[in-house]
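Next up, some structures in structure tokens.
What follows is a pair of complexes built around chain A, which joins chain B in one and chain C in the other.
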Partner chain A sequence: MSSESYEFTIKGTIKELLTYKSGIFGIAFFILLVILSFYTIVALPYDQTIRLWRGEGGVWLETPRTAQPYWVNYFGQNLPETIKRDSSQSGQSGVIKIITPIPDTNMKVARISFTFDFSYDSFPSEINIFFSAKYNENSPFLNIYWVKPDGNEIKLLTYIPRSQNDKLYLSINPEVKSALNLYVYNVLGGAPESPLPPEYSLFAVEDASMNSTSTAKPLKGTYKLYIDGTLFGEDSNIDAKLIVYGKVYGIAGTDNQRRDLTIGLLWGIPIALAFGLTASFVITFLDLLLATISGYYGGKTDSLIQRITEFYMILPFLPVLIMISTFYKLDLGVLLAVVIALSIFGGGIKSTRALVMQIKEYPYIEAAKAYGASSKRIVFLYIIPKILPPIIPTLIGAVPTFVFLEAALAILGLGIPNLPSWGKIINDSFGNGALYKGNYYWVLEPAFLLIFTSLAFSFIGFALDKIVNPKLREV
Partner chain B sequence: MAVKDLAKFIIKRTITIFIVIIIAAYMTIFIANMGGYVDQIMRSEIMTNVMTRLQNDPNFRNYPQELRERIINETLTVEYRRYGLDQPFIVRSILYLKNALTLDLGSAIYLTSDSGSRFVKNIIIERLPQTILLFTSATLINFFLSLYIGLYLSRHHGSFLDKLFLAGAPTSVIPGWFYGIFLILIFAALFNVLPYGGIIDVPPPDTPFLYALSMLKHMILPLSSWIISAFFLGAYGNRTFFLIFSTEDYVEAARAKGVPSRQIETKYILRPSLPPIITTLALGIVNSWTGAIITETVFSWRGLGLLTYAAITATDTPVIIGITVLYAYILGATVLILDIIYGLIDPRIKAGRGI
Partner chain C sequence: MTENILTCKNLVLHYTAKKGVVKAVNGISISLLKGESLALVGESGCGKTSLAKAIIRLLPRNIHTYNGEILIDGQDTMKLSEKQFREEIRWKKISMIFQGAMNSLNPVLKVGYQVAEPLLIHEKMKKNEALERAKKALSVVGIQESFVERYPFELSGGMKQRVVTAMALITNPAIIILDEPTSALDVITQANIMNLLKRLKKERGLSYFFITHDIALSSELADKIAVMYAGEIQEIASADIFYKKPAHPYSKKLMASVPTLRTDKKPEFIVGSPASLINPPSGCKFHPRCPSAFDKCIKETPPTFDLGSGHLAKCWLFEKGWGKE
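For the complex of A and B:
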């Protein structure tokens, strides 16, 4: 490593780094990641993220399950988005709510009707109605009807909310199912080959294609759902919210728990950066320090450090790390500390030590010794600054190793608790059979982020290597 | 004199490596027992078992209070002694260490081999072939690929192919298991031509030929994932390594003398660069025997890696210790053999000064 004649300044190095195309990509992507990290931490504070990711308070009730990102529609698909109609929000188009008291009684007649356009090529994923009823003793008595664009009307069910805030899951409600099965039976003049789920029967074009889920097509046009009901009590009231869940959501889609993946992917950035950079920096510097001490002092210190290095070589890194993180639930900081403790006596020590032993014999060190510089001074001011530059590329290049290590631990279910990370999302997707079910976006999004992040560091590392170790450029 | 020096060197190395193995084994025993916490878990488990057994005994309930307590205490003492729990952890850990070092691996607490054996030895031996088949093959294929391509590139450095490998080198930061995910996505999920994972079709084919074929089919993806991951950087690293050797003065001198280039390559470049290459290969092969926990998890490849993971999650300490100690022994022996070989063949490495 002939780096003697080079003086490295940060500015000069970055300037030179930008003469490499890979260096430009690396730095640009790195800057983007740093900006996004700051944005994430500010826009989605730690506590809020934990609450969101746990799904406390039903925050994800209105998002579809395992929905793809909406931009898949730009690639020739026409998947439905989620449609919401809420009677409590007056002025929303497609919502009519009329409540009229019946004279001489304390009863009221209510009619809520929702209309919406549906012009997608695929069926919705689910349909739910959320009620918020106000009553004293008797729950309201509701009849729910569905009107297709061609005017066909289906009575779905008679419904009595069991509580003030009841939820009606149309897609799995047995009454709705049997009503729709009967309807499909009448249309086809017989039972279909495979039973149609409610969201299919409700939206399908009414001809022979209704015979099975694979041939059924959604009918485009304006749909209407209306609720006729009787309310009991002077101050009784009712509101309903219809949600026709789509199959696309947001820029990242959702997972099986309806959580917006954007949150997890964004939080993955600061976690990956913090984990990768901290581990890589601390380990490299401690390695460097130990190697320098080992090489410079020699004797007993040297052989002790060398024996510890051999001991570390024999202790299997990943099993020990997994053992520790299985037995003790570790948060990010402790996990980092354990990773660092298990890696500081790594293989890098031997080569750095050889370099130190070479430098030890240089005239300028001898000169320093001659004028009485202390060993500490020589180690910290004369040797370490000398061997630091050639090690920086290794440091940067090692960042992805630790980013992937965090992901690997997460895949084993040993990631940091509470917070989402890329590895955890991949783990979730695997655990829910995303690859079998074709939910590729769920695996690919965190995977691509991992790849780009690691490539960015790797590119910077390789380009830096050429700058600080110019011998590599010649060969 | 030289023989005496060498003998002294060998003995010294053997002793230091053995001490390192002892420390590593003890560390593993300590961590795998959570510093004695596993004993407590086992104690409470034994206590629950004893209590339920006695409660279900109709005679027991009719005994007077005093007698009942005495029976409970006696049974517990016997059970604790049966598991060796009557002694403090420190004493037991020394006993474990002795057993581990003499390769008396004992029996597992929870895990069993597929054939039903509880002996740690059998459990490990059952998984070892799968791991060797996959990961040792991967290590060997990677080694020869990177060696030959590296040699070729060093001969044609500056060519298009050379630049391609240089540009591709950063892709090797992505680990094999990660490429595995993509390979599964493409070849299993999208095109449905190769299995998602596992070792053999279910049910396994009858004839040995079809059996081997089915196994090979399951090996393609995990093997490819490791080859892809190491491909560019491996070849590029070897190429740079050979180039550095080929600019040495003695190589220039040989060239000036007119030594044929074939001979320069084998005698002047390859031979002196052999020791580090062989070290890498030897350590790589030894390492491959422990399997790869993550790759085996991604591909559901039932090898030693998955066994290690299962043992850890079940806190089956005898299995964890068994695997670690075996690995430590094999690795220690490999390091020792390499040291001795280098002490013998390489004049630059002087025996006694350490390496």
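For the complex of A and C:
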């Protein structure tokens, strides 16, 4: 008994789905997406994500800008990772911090030295030092030196922090720049063809290749940066954090605002699923309901619904949406509501209505009327279940349409403003010339996820289609 | 046995069609006693099903005229609103088995729930309770209780017929309209269903309003035969009288058209085609095809003549008491 009617239960449908390859792939992809969604929501709570994505409190100061994902290194590249040395953390290798008070004065001599190995084929993207100094009246007086693996020492600058937590951007500091330009001038015996940025001059092999950025090669070995300083005051202290920004970061890389793309890509999954599934389900079912009411009741109800449908069919979707977005603040709910409101009276109503008008003349409907079933009962228990099976694959197949719609709207700047979504990431990359600058990962990652999601639903849709339309089955 | 459970007086049901008004039921008066079964016979398209639908008020949209008087169990149903009629009469007092049982089951409902539907609708019963009743009703019509979990497509035609019968019986109505209940079944299944209907009638004292175009089959079940032609009842007689000595020329022709098994008689046919319901012939509707028609038949519509002992015929031949014993 149960085996004969199993294909009508959810369990039975899934069982049957799994007999098709596309069904297996589809369900596997879908389950993966659902697991990732739950992981994302649990691991990266909504509020935290919004704060992170806005970059509140300088959370992204220590990540490199537009860094590629780290796994590009597995494809024959050797791009630098970010190197951090922090003197406030005792016990870190490569960090030495000595502070000795000068007798009979309230001054102290400080020496902080950072050493690190650099063995990459490319230059770092940036170098910063973050200070946290403790002083009463006079700021500490610091000299900063750079020692290359070959022993050459460069005095970068003399630096006086202007606040307790000052940041020294070595890569753009003019004093550092002129010191390094002078150094390069001395090495080459003349000015280089093109001026070298500080991170090049600091890491380059000291020969003729230093002439331009295109020929310069990084020198591998152990580098050292040390800070000699004088502190003023009994309880004065200083700590420094050196960050040599790499060119790779995390699984997904970073964007131009140093944000880890993983967060955006992960949050894109629940958003895409929620948007696609909700829109598809709500629109399909409302469509179905309206079409059934229209077809079954006929008369004025039918005319009204049909005229509204025709009106909606000529309504241009995008301009209306743009108009709404200029008047109202869009968020996920509003965007969904607008998309649903603009889509329920779709062309689907026409075809479903035609089906309903055929079914309502079937003898079993007349029989139901005879034994007293109300119109409502007939609509919900007799007609809708009858036309539902062929609509389910369409429904599943329509999910990618809405996932893409959300992305397309985001690319057009009509996205959900506060939350990261795939469309928004593509929009950001577009706005920052990612493809022009060669940051392909920035575009390809969200694009891949969009395709993956769409594949999941399309595969399930194909398999379901074969189940409800046996004519499509391969023999 | 003498109480009228269903009475129609001057029942009229006309449809609007593109070509004109279809006079499907044209002033029909008929009555059904408690525990009696009435067979309504006639050719296709003579308005048999329309009469049944007029009684149970299952009307299409294109109604032109619908009036007359219908008394079901003493209640004048023409005065009831659609809602009252649905709640108080249908399936409570009168139920119907439709032409083509295979199509009158909801394909997406399991048989048990389908049979329980009238209970859920009319008696607001709980699902489990109704399902139990449905199981009993199914066993009454000879279907295993385990079949409640099956879908209609998993049943044979005869089984579906039984299911439909169980559904008609489940609310214990007094009258059942059977609209060609066996037309799509093979002869053996037909016999089984007829036996079932007979048994149920005996056990429950049901009244049947049995619509068929098969006179031979009607003899199985009917206590009384009504012959319908062009929206009018031409003759009503008890089965005993009718099969021995039909009075109306149309009835005679119908009887003559039934093939016999052992005699060498050729079945006859009626010349011409059934009368149009849109432009019916003048006078007696049957006169263009009637072998014994005379002038008066063409000009005037005959009234119903009483031939005694409840035998009624609508034919000018009986005006002066011709053909009376």
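One rule holds in what follows: the second predicted complex is superposed on the first by the 464 of 475 C-alpha atoms of A that agree within 3 Å, B and C clash if a C-alpha of one lies under 4 Å from a C-alpha of the other, contacts with A are read in each partner's own complex, and residues count from 1 in each chain.
Following the convention adopted for this analysis, contacts are C-beta pairs under 8 Å (C-beta built on N, C-alpha and C of every residue); 3 or more make two chains touch, one makes a residue touch a chain.
Note that this is a predicted model, so its numbers are computed, not measured.
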Exercise for the section: Please tell me, clash or fit, for chain B and chain C sharing chain A in the overlay. Expected result: fit
Exercise for the section: Applying the touch criterion given at the start, work out whether A:459 contacts chain B, chain C, both or neither, answering first, second, both or neither. Expected result: first
Exercise for the section: For A:316, select first, second, both or neither according to whether it touches chain B, chain C, the two together, or no partner. Expected result: first
Exercise for the section: Go through the superposed model and pick first if A:24 touches only chain B, second if only chain C, both, or neither. Expected result: neither
Exercise for the section: Please work out whether A:363 is in contact with chain B alone, chain C alone, both, or neither, and reply first, second, both or neither. Expected result: second
Handout entry: chain A: partner with more touched residues, chain B or chain C
Key = B
Practice task
Look at A:340 in the shared chain and tell me whether it touches chain B only, chain C only, both, or neither; answer first, second, both or neither.
Solution key: neither
Exercise for the section: Give one of first, second, both or neither to describe whether A:435 is in contact with chain B, with chain C, with both, or with none. Expected result: first
Problem - Which of chain B and chain C A:307 touches, first, second, both or neither - result: first
Exercise for the section: Taking the superposition as given, tell me the minimum C-alpha spacing from chain B to chain C, whole angstrom. Expected result: 12
Exercise for the section: Show which residues of chain A both chain B and chain C reach, each in its own complex. Expected result: none
Problem - Residues of chain A defined as touching chain B within the complex - result: 22, 303, 306-307, 310-311, 313-316, 318-320, 322-324, 326-327, 397, 400-401, 404, 407-408, 411-412, 426, 435-436, 438, 440, 443-444, 447, 450-451, 454-455, 457-459, 461-462, 471-472, 475
Fill in the blank from the handout: Interface with chain A, chain C side, in the complex: residues 56, 58, 61, 86-87, 90-91, 95-96, 98-100, 103-110, 117-118, 121-122, 146, 149-151, 154, 164, 167
Handout entry: Contacting residues of chain A [partner chain C, same complex]
Key = 1, 4-5, 8, 298, 362-364, 366-374, 377, 381-382, 385-386
Fill in the blank from the handout: Note: in the complex, chain B contacts chain A through residues 16-17, 19-21, 23-24, 27-28, 31-32, 34, 37, 157, 167, 169-171, 173-175, 177-178, 181-182, 184-185, 188-189, 196, 240, 243-244, 247, 290, 293-294, 297-298, 308-309, 312-313, 315, 320, 323-324, 327-328, 331-332, 335, 354
